[in-house]
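This report refers to the structure that appears directly beneath it.
For reference, chains read A, B and C in written order, and residue numbers begin at 1 within each chain.
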């Protein structure tokens, strides 16, 4: 079994200090979570609000999550500051050895990155199971897996789980792990906030997985009122799950923004930042400022369901449009939170594997920031058919079409870099090229949906389903897989098997396209989404889609086998710089030492300075230590 | 009068104040440019100036003015032409030195010397310095925008032509002052750095969205347009108002967005030179 | 300096980030500077949070669905109590700022101001709970205004509670060799957040009681 590759660990806590700090670990977290859940349910049931409104589960989830965090150790620092106890040093978590280090609170951004990676992959697996159940159910217009009133439970589970994954799958593992390296610092601005953003994810996943125990919820990931208020106890999972994930997004964003703004090493000016950091930065802007709106909206839902207020009930002075506006004001930036880091990855990897500087770096940066800006005022295109004043629709059509310009800039930059380059077709590069193909289709289909006349017919059909699966799966998931193949040697000290990788790429690419491309046709043929039955004439199409979807899932299982075998069963250590690229993390040894840089480097050139006959090193690692 | 001409003329207003103002500005500019060697840059500045004057005429001395009396959203187009087309173009042109130069030297000296040097006018200079600060101008321009959309004031401009001219003058004047902090007005330099200018423009855009949201989401018409028996196109007063809100929201943001993006590019270019100088300093053992 | 060599922490006071290693990036000055930047970003995020509630207010009021924005029999909450809550919030923020100015030269006075600020904050909490118990309406009967009133004030109160905990920590750290005493800039950070909460309280007061 591969040993932990993140160095030998830091200095251990002194014995006297250990006594003063509350003894907390994952097990105490789980125990306290159960206690918190029980207490919450008791309090909620005792409230005695209107009959039929069970506040118990809602409070149970909330208390359970909070007590989980307390049990894992997040209360130690605030209480220590308050009562004057010694505080665990920044190397907290290092005293654990081996796998145990990854199961406990650690303030090392590298450990948090790996924790995130595993959590995201596991959540993606659960979401994928949901997808398989959905596609099995759709093998026939009759119900095969679940009765029709339970189909939406499946859809909701799959979609919400995948939304959780997509929100953090790049910034969480790779942003947290590599941004400090790329900007030349030994620390994140707020390691405890960073750890908090991770530890909010397991409770969210568990709470979501618990929803079927209470009957699930039928609203899909959009949670529209009044269905959400009529839904059973399962919808409480939605409320608390999104509240936790929203908090994680906001907190992670505050940490990431402060880090990139304040902790860049000398010479790391904004124009020398690797474009991956820009992708993470712009997504963090959206995450920090959009997530609080989601939090407000789900709190309003919570009040409506437990205290009989009426934010979203029109017979009582509320309005479902309030939910729609609030949700989509968050929801549209949310999808750009998905894709901006993916753009960052693709634009980062292409220059390295094309051995050419990134073409149009400043244009790419302005493109990312342009998407960030524009994503705030397009949200009404999600409401074209549900009650927006008709006079306003042309304006949002215009602004939505405008957002394809900065998105197109990303393609321009990618192709400009690939033009006349010596491309090395490594597995990460293959996935980047796959991204470009898939996202082109996904993005273009979005232009159709942005047009009011066509959206009126296509809204709520499989066309929009195909659009967002091409952009999120064909786009973001492909980018995540590329990032895993690329950075796996540095994160874990092992190379993934590249032969399996190439098989994985072609298998996944073909299966994905053959599975999702026909869904555009299904949409045009009026197959509505979120409905468990369909016209019998569409059976052949659906069977074709389901078949290829199973194969897509199988390709991800192959990937999982590759990951697990390479990580835990392959004894061969990866070289420090297997890709021979200029990015700074590859100049450091594998396994990475606990402390990123012995001396803070001075950056003397950009990371894409290929083709230069006498290049400067990207950074001078021998400079005097400067205060971060 | 030939037949048809009367009909055509009925679509064109006659605004002597506007015509005289534009004519004076044009004459001064033309005269001020006589006899000076032209550098390359002056060509696009002159182009901006003439386009700016043209957009003022388009806003106030064209069929838009007639339609603005019948349609709220047309009136919005008129105001947008003044605030986000004419004002930034004129600020970009930075015509002040040329306009000033057109006046006789004796007159210029007799005005400029006391304004800049006379101790009795020191309070005036102090007031100007306070008012010309970017934060103050930002707040004044934003407040001006919101105030004129209060129904009581807006309806007053519809009834009273003089007040209407004052309104347009304030939009243009405060607009010029606003954009003067984004585009350097030669020979002065605006005090803000590039990133600060980008934020300045960004937040001005965002606050206008607030007003646009109020107009777009309102459930009933606010202004006297509702009293008109009918509107061109047969639209309701509420639809008219929503269209106006949408105009302010999206087309009204175009200029701000373009300038914001240009400022981002400029800031990145400045960061590039800063990076290069750090590299040079480091190579020399700094 | 080797990473592994333990160095006695430079500060004798407990509750300070003790370092068993000495490394420049973990100097508490760096933490204080980062906290200032981070708190400003957090405050802007909080603006968005409260903006959603204010949007709910104006939107539901404009729609007045089923004429139920103010259900029949709803009496408006008394402005006097609302004013007391706002004033206490402002007083707490003001006292804190007075303490922040005094922290460098007169530490004991600063601590006194902090304690008074905490007292004002706790009183504010108590009065708000009193108001919740003595509303002129029952939020469980629905209605747009009652819902937004409870929701907006409820989430504000939750943030106030968190702020009071933070304030108590500032008091604890205002001892000799405590974080607040050694690094006055870290005191200002929290003051910004108190001001923000007071400002939100004021805006909420105007919107909820007068509009």
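Simple rule for what comes next: contacts are C-beta pairs under 8 Å (C-beta built on N, C-alpha and C of every residue); 3 or more make two chains touch, one makes a residue touch a chain.
Since we're looking at a predicted model, the values are computed, not measured.
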**Request:** Considering only mean CA positions as chain centres, point out the chain farthest from subunit C.
**Result:** B
**Fill in**
Set B-C beside A-C; more C-beta pairs touch across A-C
**Asked** Which chain wins if you rank chains by how close their C-alpha centre is to the centre of all protein C-alpha atoms?
**Response** A
**Prompt:** CA centre of subunit A versus CA centre of subunit B: separation in Å?
**Reply:** 43
**Item:** Approximate Å spacing (C-alpha centroids) for the pair subunit B, subunit C
**Value:** 40
**Complete:** Expressed in whole Å, how far the mean CA point of subunit A lies from that of subunit C is 30
**Asked** Which subunit C residues touch at least two other chains?
**Response** 59, 63-64
**Message:** Quick check on the complex: what are the subunit C residues that touch subunit A?
**Reply:** 3-4, 6, 13-21, 23-27, 30, 33-34, 37-38, 41-42, 44-46, 48-53, 55-56, 59-60, 63-69, 71, 139-148, 150-151, 154-155, 165, 168-169, 172-173, 175, 179
**Request:** Would you tell me which residues of subunit B are touching subunit A in their complex?
**Result:** 202, 209, 216, 235, 239, 242-243, 245-247, 249-251, 253, 257, 260-261, 264-265, 267-269, 271-272, 274-275, 278-279, 282-283
**Residues of subunit B defined as touching subunit C within the complex** = 217-219
**Prompt:** For the complex, which residues does subunit C have touching subunit B?
**Reply:** 59, 62-64
**Message:** So in the complex, the part of subunit A that touches subunit B is made up of which residues?
**Reply:** 266-267, 269-272, 362, 365-366, 369-370, 373, 377, 389-392, 394-396, 398-399, 602-606, 616, 620, 623
